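Written below as structure tokens is the structure these notes are about.
Here the chain labels run A, B, C, D and E in written order, and each chain numbers its own residues starting at 1.
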Amino acid sequence: MHESAAQIFINAFLANNFVLAMFLGLCPFIGVSGKLETAVPMGAASTFVMLVASLCAFGINILLDHLGLEFLRLIAYIVIIASTVQLVEMVLKKYSPGLFRALGIYLPLITTNCAVLGVALFQTAREYDFVQSITFAVGAGAGFTLALVLMASVRERLQLSDVPAVAQGTALSLMLAGILSLAFMGFAGLGG
Amino acid sequence: MGGRPIMSIEIRSAPHIKGTRTVEQIMRHVVWSLLPVCAFFVFQYGLSALLSLLVVTVSCLLTERFFVRQGGQSGDIGDFSAIITGLLLALSLPPGFPLWMGAVAGIVAIALGKALFGGIGFNVFNPALIGRAFVQAAFPQAIATYTPSFMPGRFYEFIPSSMTLPLMQPVSVVEWLKDRQFDALAGATPLAKWKFEGVLANADDLLTSLSGHMAVGPSPILILLCGAYLAFRRFLDWRIPAAILGSAGLTAWMLFALNDVRFPNPFFMLFSGGLILGAVYMATDMATSPVTPKGMWVYGALIGLLTVIIRYYSGLPEGVMYAILLANAATPLIEKITQPTPFGKGVLSNIGRQKKGASYPLHSGYISREDASAETPKKRFLPNKPKHPPKE
Amino acid sequence: MTLTSVTRWDEFMEGIWRQNPLFVMVLGLCPALAVTVSAVNALSMGLATTFVLTCSCVLVSLLRKLIPKEVRIATYIVIIATFVTVVDYLIQAVSLALYDALGAFIQLIVVNCIILGRAEAHASKNPLLPTLINALGMSAGFTIGLFALGSVREILGAGTFFGIPLFGPDFQPWVVMVLPPGGFFVLGAWLLIFAAIARRKQRKLAEATQNA
Amino acid sequence: MKLLSYFRGEAFQRGVHPPSCKLTASTRIRRLPFAPKVTVPLSQHIGKTPRPIVRVGQEVLRGEPIARSDEWLSVPHHAPVTGVVEFIGLRPGVRGPWVESIVIRAHPGASQEDLWGRPRDLDAATRGDILQAIWDTGMVGLGGAAFPTHAKLTVPKQAKVHTLVVNGCECEPYLTCDHRVMVEQADDLITGIRYAMRATGAVRSIVGIEDNKPDAAVAIRAAISRCGKVPEGEIYAELVPTKYPQGSEKMLVMALFGVEIPAGDLPVSLGMVVNNVGTLAALGKLLPAGRGLTERVVTVTGPGVAKPGDYIVPLGTPLRFVLDYAGAPGAVARQIILGGPMMGQAAASLDVPITKGMSGVLVMRGDELAWRENQKTYPCIKCAECVESCPMGLNPSQLGMLAAKREYDLMGSDYHLGECFECGCCSYVCPSNIPLVQQFRIAKQILREKALSK
Amino acid sequence: MTSAAIPPQTTSAVAMIRTLGLIAALCGLIIVSAYQGTYDAVQENKRIAVERAVFKVIPTAKSIVEYAAAPIGTIVKVGAGGTAPNAVPEGAVKFYAGYDASGKLSGIAAEGVAKGYSDNVRILYAYDPATAMISGFGVVAMRETPGIGDKILVDKGFLASFPLQASLSADGAILSREIVTVKHGSKANPWEIDAITGATITSRAVGRAINDSAKRLLPRIVPRISELKEQP
């Protein structure tokens, strides 16, 4: 069954949201979603890194299949994605300091979290072609950003609430994530 | 003057007078307005519906009381808000929903949907819908099991699934329906029938829920009437239902215009399922909807759009609940970007700013031309101010 | 560094209780939530992580004097990825069904912050034995955490434990528990319970000091 | 939404409609007897405090200047009674803390006629002369803000004033002093308006009156034609829809002209000056006679008052004396409010004197307060009532939640706390009974202190 | 990760490259030995998994052979003794032929996939050339809701829909009747699948998966079924 780009996008963005349904990138999601200000650049930076990871993985797959070295896949992914992000970071710093300031501080945080590596692994497992891979990465990034932004705005509002002391902190974040995940179940089956 | 007893006077902060509206009053009115809706629901489904309303509401109240006692939550059970939660939750569940699951829904609604955030006013998500979403995910089959309305004997016997033992699976109602000469399809809601069979229900049947044995909720007309009363008394904001129905209707109408075979008419979209109940009573929950007027429009439009998308394109026949929960999550964001413009900072003040320093040329038609000796006209028809500042 | 058996035990327990990677440090959430739909999966994931964590830490500790500190993180990652690849193949060899159930999350052990964190914070500075104890403690803590999640989710969500039906055929499973929201809710509930216990302890302590 | 409010013929957006309770709207203004002793606080207005120019033991005539300052933003005070200066020093002030005051014991036998006046002909006076004459009267805004009137009427060099807006709204419940002044002293008002127009160079004047007092408009229109000296179309009496806080100058200008005074600006930036009717009526009386401000009209009212009414009260009369005269037995009075119920201050003691800016004395009994005390306070339920009623277009709900968490900086920087003019609409409507305005006052205070300490 | 690409400052480049090389070699060694060590077991596992799946849908089969049916009508054998898996012609459809103990064709198995409730449902269905019926199916992979969607494996009513009629039209180019899933209780024809109440979406996915795949596969292999009769 060939999945269209739109289906892949909606799937990664909403129906099987990377964070809320696939459980990827939870650490930054729980850790960095306290403030709306940081949520958007964080989401943008993650999307960008996912795109890089997707491109790298696509290239690595071709190379490794060619060489018959698929058992090196994981190491290759992780090393090459990490260094490519470093490289991009340096290039950014040199040629676009504004963008670097906006995204730069987030890049090292996310060079290799599950969401990023997940993009690479899932696109390989699902045998996506080039366009499909890119759409998948963008959809996953958009989904991550959406979840992050919703979570951050809710958590900002809860700063002004009298949340019981027991529930404050990670427990509340997890419960919120659970509720969001519950709400995202409404999208199940979308794009199919 | 010194011999007088010293008066004890109090020092308070202005304002020293207060409008008469209180939280209890608002909530009480919502409960009143829900009673006819509940009564009709009981009329449709009989004993099971009555018991379901009772059990769910009582479980909400007990949970609320527990958390208030524990100190985990502000407010108290006397504020009627938990009753609203219970009634709305029960109205959104199938009438034959096993009572123990209803109780679970009520507990989750208050515990997870309200107490977790600190109680009344602090919750971000609609508690009733949290409860419903939880049991929908936990017991997806039971919650999709509807039975026809106006069953003969509904006032003497229960729908068999109602009385399921706690933690056990509900018994199938198929046999029970067969006994009463109903086929398996009779239990499908109009939305499910449309989604899975392509059968469209009749318009006025949907509106009143009166005819036949359709498996539907309370009549949309009745809900609209009760909601109109609340809106008229300003206990709920008319903008939210208007925005929801407007955006859902518009989206559905556009899709219908594009392809009238694949998509049902917008009327069906508006009056089937829980859209009216959700738009009038659930999306308007104050704590979880934006306070800014512009935000209310955005919020409502989002709900309408999401409802249509979920109903048409996702795996589930009904999307109101998810649409409202998602919009609840977006509410803080919506509020943030729709803060009202303070007086003197908006467009109108810019007109003033342009005129800064310049003097208004006097204009003969500028001020109302009442004769100085004339009778004072009645308030309403008084042209008491110019429509615009004079143009240079 | 000399270690008495008591401090060794303490060191081990540290990872299980006071520094539990899942419940206290809240790390490695993705595998913790994604694969814990059943006790078996949780346990397998825990063992796989244990293998990778222990082997990597041991290797890092052995090579710690050799590894140039400028590229130490890259080195650790390569080492970790190596063992993840190994465990990946091992599981495929043992059971494909298990491999399918754990899915990509086996390979995602690579990015599990716990492992890199241990390698960097502990193994790179300590000799073999303490490293081993620390790594085993952490792994045990993580495995116990996963198991706590997995059992609750399986029992409630399917009415079974290790696949054995517990409540008879009429039991109504709470499907939500094995769905994504259930993962969040169960972990959140565990954290709530621990927080409540901690608060009660604190209150008791405060009362005791007040009385004294 | 703004357009909509135009079409609905609303004066300004939002605002509230508290019950008007104007018990004394049709009672004539009466004169209060002279108290045996009056206390004139030196600082009754916004600006510099004048210094006393009398000594203890000195005999003063009613209307004689007793305090003066050479500072521009300050006004002289005149003796409200003929008598002897008994004490100069600290006395209880309206706001609680004791303030520098002059205490005069009235001569029991004195006729208390105003003997000090120096009548003069201002028909040929220049702008400067008129302003000087206004300064000499010691006039401040009688609408409540007590800003020196000569300063307000002095138009900055770079600006030009074309319209004098006369504020006859009296939007606060209970208060009727401006209403009665418009009805009974319309001729003085017209005179005052014409002086003020000459002082500012305004070419027209508009009296804005809420439409619950049409008789005031009729009276003013009659006075205009009676006066005979007013050219056609120079002075209008306009009715505006009744709504609180119509009396705020921003809202009144909005209602009359449909323009918003830009945030942070004064009406003068739009070529307007706003004055209260009481101020201008008093000017119309005092200026030709060359007298000083020694008395004002005060509404004494409220459920706790036996003889409510508008009284001409000599300034400095102790509150206790006023209440005794109006019949407010201490046993039932629980709260005494100086000003209107929406913005007025609760009196800290019965020894405080009537001052220039005090337009009303409102006495509340225990039973009026009881139901409010019994009302529970809830967390904000986000009912949006406050947002829908804040005339300044703020978001009191958000501000209130921020205040509860002491996020004062955010209130000022992101949610326009500075624009709040403390009208009290938000507190009035809040069903959760949250003391919003009070929190905002505290927040402003803290922000001010922070800014100062920087 | 920050230091991965930062040039060395203190350690000399040579020493660094030497240690890195050492570590890389060590890791490579570990991986390769693990890969080699498990290779046979993994392949065996995979083969067993495929066989199990096929044997499940074709109960009479004792051995299987993998084929690919190319669009132009040729059928090639894949794997040992045939085309390499990565040399299968463009657009070919893979399928398995199951043979009984005597080497006679006992059935054809092929994969189908369709979108279910939460993700793709991937199934393996069996086609019986003798009767032109779909005799059964098994699930390869799905993420349907446990307790709901996964009832397609156990629900008696649902499984009773099989065997399904899958005969070709007269010209052999299309199915004579498309396979459809109908609401529970309304199956009336041999080419209809009776849906499970409460899991209609997954039921439909099964129907669609079979239909889509059969539509492509059957016209290619039915005319040449004689080529497959005997185990090669």
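Keep in mind that, in the parts below, a residue touches a chain if its C-beta (ideal position, glycine included) is under 8 Å from a C-beta of that chain, and two chains touch if they have at least 3 such contacts.
Remember, it's a predicted structure, so these values are computed and weren't measured experimentally.
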Taking touch as defined above, what minimum step count separates subunit A and subunit E? 1
Shared interface partners, meaning chains that touch subunit A and subunit B: C, D, E
If you take the mean of the Cα atoms for each chain, which one ends up farthest from subunit E? D
Roughly how many whole angstrom separate the Cα centroids of subunit B and subunit E? 48
Subunit A to subunit C, mean C-alpha position gap in Å, rounds to 23
Which whole number of Å gives the spacing of the CA centres of subunit C and subunit D? 71
Can you give the whole-Å distance between the Cα centres of subunit B and subunit C? 43
Counting only residues that touch at least 2 other chains, which ones in subunit D make the list? 379
Give me the residue numbers in subunit B that touch at least two other chains, ranges are fine. 74, 112, 118-119, 122, 134, 137, 140, 315
Two or more other chains touching the same residue: where does that happen in subunit E? 1-2, 4, 27, 31, 35, 117-118, 145, 147-148, 201
Linking chains that touch, what shape results: line, ring, star, complete or other? other
Which chains are in touch, pair by pair? A-B, A-C, A-D, A-E, B-C, B-D, B-E, C-E
Complex interface listing, subunit B residues touching subunit C: 101, 112, 134, 137-140, 142, 164, 167-170
Of all residues in subunit D, those that touch subunit B in their complex: 1-2, 6, 9, 11, 13, 16, 18, 96, 158-163, 173, 203-204, 206, 211, 214-215, 217-218, 221-222, 224-225, 233, 236-242, 250, 254-265, 269-271, 320-321, 324, 330-331, 333-337, 341-350, 362, 364, 369, 372, 375-376, 378-385, 387-388, 390-395, 397-398, 415-416, 419, 422, 424, 427-433, 435, 437-438, 441
Touch list for subunit C against partner subunit A, complex: 26-30, 33-34, 74, 77-78, 81-82, 84-85, 88-89, 104, 107-108, 110-113, 176, 179-185, 187-188, 191-192, 195-196, 199
Please output the residues of subunit E touching subunit C within their complex, sorted ascending. 1-4, 6-11, 15-16, 19-20, 22-24, 26-27, 30-31, 34-35, 37-38, 41-42, 45-46, 49, 141, 145-148
For the subunit E and subunit B complex, residues of the former touching the latter: 117-118, 145, 147-148, 183-186, 197-198, 200-201
